[in-house]
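Two complexes come next, and they have one chain in common, subunit A, joined by subunit B in the first and subunit C in the second.
Let's turn to the complex of A and B:
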């Protein structure tokens, strides 16, 4: 099981939850699993060309994700980081 | 000098300039020695460091939630020249977090009111009020007058403008942003690490709500703004380890700080190996409600009527819309742009101008020439043209799973 930390701009998809769990052996699988439970969430993270959106960064534990094929291990924590604009 | 700074020394001309200024004129008066006595006790600062602070020039972008604590601490710390840029006026809803202002300030220009407050806090420093809207035409000139920039703006477009200007001018930038209970901060030093565009390559205006749209815990910018002031002082003094290549995030509900490392992108559009941004581009042209009204009233004068594309969610569109506007929610726009006649001008419309701006970016990237949008959206139209118009509130939860929009 992977723990996913959800940034506040995406919490409308997780009923306000800041942390959700899902299975997945790669980032792509994890996002697919998230989409099943939280419809619409994946499209806010990944664009039509399957690229990470430019205002989103994904980290596995503290390491940056560059491709969606990046593998995940049980117990990993995935952080979704969203550009914030408020000042 | 902390060892982590050593590789940066060559790249940092800022501190050399400050030291030169310090050597020429900056000695502390007796009252300044008393005012800054707790700094002078710190071996990392001392008299020489305090003189460096006095010789430094720092520009704070935005006298808002972040700019308030940042500028108050920088003024208190004795930054010799402190600039505040903000074109807005103080609103009652600002007072929940913008500690530069009080109830009597409501309605006043923010930059001037901030100047008064900061000058009262510390009459020994020079506070410059810049009551202007920062844009591509004035950013290089204004930022170029300062040694270091603190970004507390409330718009993503301004964040990219400020970042690009700092990279082009080789000025350090201390950036922070907030949303509801969450904050993030990073520092850019020329030659010392990645810039804001390395982290988030380009703007996603309309997908990222600001404080006015999403709300914010009042104390949150206090924490992040104080952090920005801390970083600024460290950069000027050359002490400690700045947030270079480190994104610091804060979750006030969990009371957790986290740090994420990121690196400079060789393909970064502004600081990469082959930058495509070598100057600041003017903001894309936007239509005021009066301009759109006049265009619709006399289309022949502008070569024909535009196609009005309302990019709000269907529920918002159903309540009220401009005559003739078609509804294509922002999330569906990329797939439906090809359906739009290539020979017709496009004008995108949303509630307050965030999503329509994003729609223009999408259309421009898809090759549409000169897409336009209604500045201020339906709310501005209702205020300026049709006061009877009722504008639907924005629902942050899109009704359609395929919809992107999270903006106004």
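Let's turn to the complex of A and C:
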């Protein structure tokens, strides 16, 4: 099970939860599992070419994700971060 | 006649609701506070339905729809998105949904959306699911028509117009790219820019690459098009193919540069524009700090300044392309929203103006609803 920390702009998809859990052996699988439970969330952070959107950062524990194929291990914590986007 | 104005702003959506005489106005909202709202549009076929184009500073673009006049909203299950790029193709991703147009009266549930970068999308189910219009987005000429020359807000596909006589007959505009027409429901397209200046290109007769700011089609005379362009204002009476520059009849010190152009709902000869300063380094403000609307009642052969009630000096706002509209009254009210967050109402077709509300966020769009 992976713990996912959800930033405030995305909590309308998680009924306000700041932390959710899901299964996945990679970031892509995790995002697919999240999408099943929290419909609409994935497209707000990943574009139609499977790229992380410009003002979104994803970390596995302390390491930034650069590709959705990056593997996950049970117990990992994934941070979805809304990076600075201006005023 | 009651009227509602939907206001899309950089920080959310608002609405102004008028009493029966359009004297008293009540501001409601915000809805989606903090969201960047580019367009809120009522469906004339089912007036309780609305669609809203939105994103946030961090999150990707989406569309919200309402079935209850804007009290509650539901996000599209499949927002506008380009198809996956094929190998070797430049991948395209929608950065913002900029424009929404309800489909033809014979196609209930149909909507069109225009995006940045330039993309045309269609929904068949009131905006819940969107699909690319391949006839445009994958047209062999698309890489030249939408060559990536960006306005400060990106390359914008806007002003999607549906001929009320024929659901297959469509127009759209790209800033920067020009006006395009389809007569087969969007399967094929052709440029429609002859006669339009493009002072930023070396070829005065270039077939595309122009910068239409706003394109309108008169609903009672659908062969009449007007265009407010980066390089002047124009009229085209189809089947003619060559635009006529009607802005040359504007006072020289005012010029014919602006963003919006609005049609009179009952008179194809009457339009309103809001000129802005397109001189020197393009301040894009009201000219001389003295805002004014100009109206032509003869299809652009002459123009009348309408500034009664507007600030007399030191008012340097801009009215963006989606931020001006007219209601359906016999002598329509005309409305504009400013980049300073003010909404102004021009009674009796713009004869006198008053400010309805101040201190809103930067206004991107203003649309009339009933």
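FYI, the second predicted complex is superposed on the first by the 83 of 87 C-alpha atoms of A that agree within 3 Å, B and C clash if a C-alpha of one lies under 4 Å from a C-alpha of the other, contacts with A are read in each partner's own complex, and residues count from 1 in each chain.
By our rule, a residue touches a chain if its C-beta (ideal position, glycine included) is under 8 Å from a C-beta of that chain, and two chains touch if they have at least 3 such contacts.
This one's a predicted model, so the numbers in the text were calculated from it and none came from an experiment.
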| item | value |
| --- | --- |
| When subunit B and subunit C are modelled together on subunit A, clash or fit | clash |
| Touching partner for A:79 - first (subunit B), second (subunit C), both, neither | first |
| Partner chain in contact with A:16 - subunit B first, subunit C second, else both or neither | neither |
| First, second, both or neither for A:51, with subunit B first and subunit C second | second |
| First, second, both or neither for A:64, with subunit B first and subunit C second | first |
| First (subunit B), second (subunit C), both or neither touched by A:40 | both |
| Dominant contact partner of subunit A by residue count, subunit C or subunit B | B |
| Intersection of subunit A interface sets (partners subunit B, subunit C) | 7, 9, 39-40, 43-44, 48, 53, 55-56, 82-83, 85-86 |
| Subunit B-facing residues of subunit A, complex | 7-9, 12-13, 18, 39-40, 43-44, 48, 53-57, 59, 62-64, 79, 81-87 |
| Subunit A-facing residues of subunit C, complex | 56-60, 62, 75-77, 79, 81-85, 91-94 |
| Subunit C contact footprint on subunit A (complex, rising order) | 7, 9-10, 39-40, 43-49, 51, 53, 55-56, 82-83, 85-86 |
| Subunit B - residues contacting subunit A, complex | 62, 64-67, 151-156, 159, 176-184, 199-205, 207-211, 214, 216, 221, 247, 249, 251, 253-254, 258-263, 331, 334-335, 396-398, 400-404, 406 |
